[in-house]
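Following this message is one structure expressed as structure tokens.
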Amino acid sequence: MTNEMTAKPDDIFERRESSVRSYCRSFPVTFAKAEGSWIHDREGNKYLDFLAGCGSLNYGHNDPDMKAALIDYIGGSNIAHGLDMYTGAKEAFLKAFEQYILKPRDLDYRVMFTGPTGANAVEAAMKLARLSTGRKTIVNFSNSFHGMTLGALAVTCNRGKRAGAGGVTLGNNAIAPFDGYYGEGVDTTEFLDRMLSDPSSGVDMPAAVIVECIQGEGGLRAASAEWLRKLEKVCRKHGVLIIADDIQAGCGRSGDYFAFEEAGIEPDLVTQAKSISGFGLPMALTLVKAELDIFKPAQHNGTFRGNNHAFVTGAVALEKFWKDDSFSKSVKAKGKILRQRFEGMVERFARDGDLSLRGRGMMQGIVFPDGEEADKVTAEAFERGLIIETSGGNDEVVKVLCALTISEEDLNRGLDILEDSIAAVRGGKASAKAAE
Amino acid sequence: MTNEMTAKPDDIFERRESSVRSYCRSFPVTFAKAEGSWIHDREGNKYLDFLAGCGSLNYGHNDPDMKAALIDYIGGSNIAHGLDMYTGAKEAFLKAFEQYILKPRDLDYRVMFTGPTGANAVEAAMKLARLSTGRKTIVNFSNSFHGMTLGALAVTCNRGKRAGAGGVTLGNNAIAPFDGYYGEGVDTTEFLDRMLSDPSSGVDMPAAVIVECIQGEGGLRAASAEWLRKLEKVCRKHGVLIIADDIQAGCGRSGDYFAFEEAGIEPDLVTQAKSISGFGLPMALTLVKAELDIFKPAQHNGTFRGNNHAFVTGAVALEKFWKDDSFSKSVKAKGKILRQRFEGMVERFARDGDLSLRGRGMMQGIVFPDGEEADKVTAEAFERGLIIETSGGNDEVVKVLCALTISEEDLNRGLDILEDSIAAVRGGKASAKAAE
Amino acid sequence: MTNEMTAKPDDIFERRESSVRSYCRSFPVTFAKAEGSWIHDREGNKYLDFLAGCGSLNYGHNDPDMKAALIDYIGGSNIAHGLDMYTGAKEAFLKAFEQYILKPRDLDYRVMFTGPTGANAVEAAMKLARLSTGRKTIVNFSNSFHGMTLGALAVTCNRGKRAGAGGVTLGNNAIAPFDGYYGEGVDTTEFLDRMLSDPSSGVDMPAAVIVECIQGEGGLRAASAEWLRKLEKVCRKHGVLIIADDIQAGCGRSGDYFAFEEAGIEPDLVTQAKSISGFGLPMALTLVKAELDIFKPAQHNGTFRGNNHAFVTGAVALEKFWKDDSFSKSVKAKGKILRQRFEGMVERFARDGDLSLRGRGMMQGIVFPDGEEADKVTAEAFERGLIIETSGGNDEVVKVLCALTISEEDLNRGLDILEDSIAAVRGGKASAKAAE
Amino acid sequence: MTNEMTAKPDDIFERRESSVRSYCRSFPVTFAKAEGSWIHDREGNKYLDFLAGCGSLNYGHNDPDMKAALIDYIGGSNIAHGLDMYTGAKEAFLKAFEQYILKPRDLDYRVMFTGPTGANAVEAAMKLARLSTGRKTIVNFSNSFHGMTLGALAVTCNRGKRAGAGGVTLGNNAIAPFDGYYGEGVDTTEFLDRMLSDPSSGVDMPAAVIVECIQGEGGLRAASAEWLRKLEKVCRKHGVLIIADDIQAGCGRSGDYFAFEEAGIEPDLVTQAKSISGFGLPMALTLVKAELDIFKPAQHNGTFRGNNHAFVTGAVALEKFWKDDSFSKSVKAKGKILRQRFEGMVERFARDGDLSLRGRGMMQGIVFPDGEEADKVTAEAFERGLIIETSGGNDEVVKVLCALTISEEDLNRGLDILEDSIAAVRGGKASAKAAE
């Protein structure tokens, strides 16, 4: 399966693209075509894609139905850019969102089309929480990631990224420990409750908590359903809003459309981006309970609010995958395969318990002792034709974020490669399957 | 030319779209197709588009060459989303940008593909300015607009939009007066020089100034070339960086590719968005001098950095319109028409000098005494089939932001409608042409 | 012992003094003379003073030796105000401080005379910690109190006081749990260690922690010596400075001169105020390790840095009480009496464990179920001629802060009154002694 | 008049006092006694004091009446420290303040005794302005100085002092140009009016402006009465409060009790400190219009609110100097002498207009081309037995802040020394008088 020697990328990138570029450093080839779970470089080499746009391609690359609809839309000279004016594409998307997502879940959100980045959806949600409560503090959780713009960065925990702000004060937030942060058996919602109950805790009564039900960049930490329910209870007790950041864990990644569904909680605000267009096109939105929908017209504006191409593909995605629960069931089934295979790998490779599992649904990973080893594993995998990345504060988690539409065969194929890669790094013979 | 009665937009918008929606309130129809300078609603009514995505459609709607290239790209299952990995589409865009934009202007910037919103490009530029200087203050100008995320909002002047932040402190900036802010003959760069020279001015030595050469949302205020040169001199004298925010005024809107070209200055950082894709697709970038290109990999990251569809259309735009100076010349010629027609309107309609002109190139407008009257004019224009909007602190400026590719015939047609609309509001008989 | 009806205070106070006045509301009489532990109102009524200037009168009112020295100083037309110029009074104070405090404890601090408020000493210490580390975050502990100016208020936990800032963002700090905050057996220094070790904890590496070894306003919570040593270890491990705020707990209140002595730790910066003058005169200082003594001349300035009258009385206090350990021993002995009497009261009055003890040395109190009951107790005490106050987030702790020089007889006399007062509120017969 | 060689100060200062000490560096002797305008070092050398505690000794050193009252008070074991409880000393001070200051001027302020530093009075005033308006921005003026705690430092303009904060963001303020900042004939209140009127000026509607009628540390810049009246008009027009910082310019320094009296304006809040005790004892207060007196009890608290010794001397000062207008008249007369003598010196010494005058009343100075020359002048003066200091952003202003009670003879004696000192630095023969 190893690819032939690929040509070095054109030196225009070294010459002209900013040093901030990152993924291209791990996968230094020039990519061209892509379909489903497979991506091709310009030399014709094929790679199995277990990164999938970091959660932006939950339905795989170039889904044929979305592709057809998009070509048809463009070919008909339909509106590409219309600011936030009404278009047929937006109407269709909103109707599909109402019909397939909101109504079946008995949710009654308004949809705010923010600038097409997750950070923008987060900034809008935090503004609304502050405006509607008259409070300023947002509680975020240890290891959380919510974006790079200054508002979102203030609730993002990674010190290296925070240092990028160049010394301006990031504030108006308070950190609370995520589920499991202090180890098994420690109910960290009690800490939050104490923080809110004590008039001298040092934390002003917050506007909202912002929570990722499954932390992506923070290292695939999944909150338990029970913890989320307790969190909701604590928030309701103190009149604090809940913002669910469903940017990476949403759009089916957890097995349900929203990652918070399993717990049965009902956030006041929800942020979405990544896979909302279904096709990898930039789009983001913030779901808002009606009573919090208090922005004045254009009070949070921007040029690319609402991307008509994304509305077209997004509407196809909603109808194709969410009109009944069959897709959700298949994702959960694949999530179980993932868990079983990972358990096998941990059993095979761990020494003195130095490997562990993290995550939920199709967002799971193996925790290595350090980022160095995890990096070696992903480099070995790439050598073997698998694109896979790490996350976590020390990049110590090798994470699977493959397309939810992946076939079981491809899923196992990729996991075989991963297993071989770990073996190459840690020692141990290749798995039977991978050796075929 | 008045359109027939259009059907009311579907009530899904009222039911589901957030109250923050804005342009759709001025133009309450459902749009469908669009080509060049014309946009059609679902009932088949045609409108001349003098808003053009607020500067995002400088080359008009659905340019046929871009459209063909995009359909071809999508049809070939080429990569839509690849995070910031290398793709052929990105390579082609970078090469075109180097060949048609940077080299002919003897500019040596690195290109940072930020999240696809202007605000994100601004946030990245401000971070780099702070990181590289070790200073925190950014000087922005009165009436400036740079975006809605907290970092960008801090340097945005509109009080209503600032209030959207819900009370968090917006800071780390200092306001300086824009060209002409204190009237004719007052050189406001002297104020800035004083502010920087006086060790007790109250303003800490800033990292950078951020300037729009032509302020868009601030009301089409254009800085003179001389003022910009003086500004550059003051900044160089004090070791302060210059960030040119070319998001609305760039991509040819001023007549040159960059709005700062006329003045011959060389900013340290440049932000672009809106028309960079040429097709209205979300994309933004920050141009960075090599010595300021100091982000570590992924230190400012995001999912949609680099939009391959936008690279495809953007590369077409660069080759089609910027391989020589013919397009630039035609834009400047149309800018003159605009100026002449506006001068005529002011002469015809002004009472005691209560109307005035603002702007430069294809970014000009008429200043009305208040926002109420300006709104009446744009409403009259819409009745007559012209989409046109206002800007300014009080929405008092009726601005023309039509496609740069507009025919002189359509340009005059739209200006005739505008003239009639002013006449309808202010009194006076319709112009000869418009009456035809 | 009950005082006769006292005259109502003059209505000038109601007419002219700001609504912010507070203690006078609990003790609405006009006070006149005072000596040692006794204070007299204008009508000649005597009160035993268990508040003692909230820790500012550790040596009692009008100590005769200090009084004589001060009258002598003033009578000789010695300098009262000399900015921060050298005076003989300052020289004598510094020499006494070096001889009686620093040398015997093998401490090598520089002395910074800040503006004469504890808040100013705290602001100076935080500036130095930030300047010397190049970091901005200060870790403060739940329930901490460090002052009312914006820098100090940011590390003060009480929400009501924070609200006084009128909505400006209080930041550049992170909250850590104080000793015992999460109950017995939970080592909260581990939480801090985790917060500092995890590069994605959400807390940037701090400049310093600021800690009150015994929290005053926070409700007489005393950190154990072991906890303080662990705290020091965690700070040293991560290169984080330690600021000991010894404003209320210092100058002998704990039994030692510094409240941190018992633990054997060595803070990098120490703040003092309240009893440093020994006579209740305004004075504050910040002790600074030599390598942190990096302010440029006047970089933190102010008019009243160094109060010569306070130097005079302060030098007497140092020589009189700290030239050997006899005073320290007597304070510790009285602290034991306090503890025993409080234990007796808790045993007598607690129902289902609803009363508890807090504090250390001569800074101890009884925790009542709520502030309302605690207030009733102090009101009853005042009726009986005892001035005593509450502290804590809900004002639920009745605290003894009597002069350290109090006689055992007076100490017991006051405690008898307190016991009677509790009995009056909770039921139960008066103590034998108090009934005498 | 030159003093004999003075002994070097004890090395305890070098060994133990923080590097932040400043005035002692300019006057490196150890001072002992002081009376009126004269101060003696320990060797018996006499100096004429033209610094006078930087405005804290408006009535000279050790005024005999205050001294007697204070000794009497202390001797009688009257209360030195009583937190903010009612005492006879406070009552007497308030009555005197009402009778001699408020009533004759028809002012109806409440008196808030803040912590005894000017910075604390400023912090309290800014909190009240924010709390009462619900706005956060405070407008301060170029070159202003209001204190070193973070709230006050944010409205202090000196970059070196701001740098002392160690990088934390100083904000929630906006800078406006002081009277004359842009030269003669430029009415800077129009700039403020524009800043407030323009909804897109970049400055949010402020809570208040804070203004020193005569800037002390900023270099003795005096606002004209007309400018202050215009400032008041602009503030009233926009509903913005006025805080007059009368800390250095108040208590008679301008010739009137309050520096704003001449202009006839009525600030909403006034801060006082420095000479309020009359004796150089630490004390500060904030005067508050009744409707702004909205702090809850203890919402802005502190240990040394109200200094009983200062009440005693302060009450004497009010009765002795302010019961009629004779003192005010004498101060104004001496201010004229000062002006005349300075005009003479400028005429004598200026080359090409390189010297100028600044200030008003008994707060005037000569502006030198740079701080280096000004420092030489004050060093020469000290050699000749005159204590005098500089101020201004570059320490370029040699300022006279002598006691207001100085005899005309001593005033001229000091000015003679100053003139000789300038001659020594600039060349030119000594004045006739000084040569005597």
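The first chain written gets the first letter, and so on, giving A, B, C and D; residue counts start at 1 in each chain.
The rule is short, and it goes like this: contacts are C-beta pairs under 8 Å (C-beta built on N, C-alpha and C of every residue); 3 or more make two chains touch, one makes a residue touch a chain.
By chain, UniProt protein names: A, B, C, D = Diaminobutyrate--2-oxoglutarate transaminase.
Because the structure is a prediction, the values reported are computed rather than measured.
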item	value
Most remote chain, CA-based centroid, reference being subunit D	A
Comparison of A-C and B-C (more C-beta pairs in contact)	A-C
Equivalent of B-D within the choices A-D, A-B or A-C, defined by over half of its residue contact pairs recurring	A-C
Euclidean distance of C-alpha centroids - subunit C vs subunit D, Å	31
Centroid distance [mean C-alpha coordinates] between subunit C and subunit B, Å	59
Approximate Å spacing (C-alpha centroids) for the pair subunit A, subunit C	50
Set of subunit A residues in contact with two or more other chains	136, 160, 163, 167-169, 171-172
Subunit A partner contacts - residues on subunit C that touch it in the complex	136, 140-144, 157-160, 162-163, 167, 169, 171-172, 174-175, 181-182, 191, 194-195, 198-205, 218-219, 392-394
Complex contact set, residues of subunit C against subunit D	9-10, 12-13, 15-25, 27-35, 39, 42, 51, 53-57, 61-62, 67, 70-71, 74-88, 90-91, 94-95, 97-98, 110-113, 115-120, 123-124, 126-131, 134, 136, 147-152, 154, 160-161, 163-169, 171-172, 207, 247, 273-274, 279-282, 286, 288, 293-304, 307, 309
Subunit B partner contacts - residues on subunit C that touch it in the complex	167-169
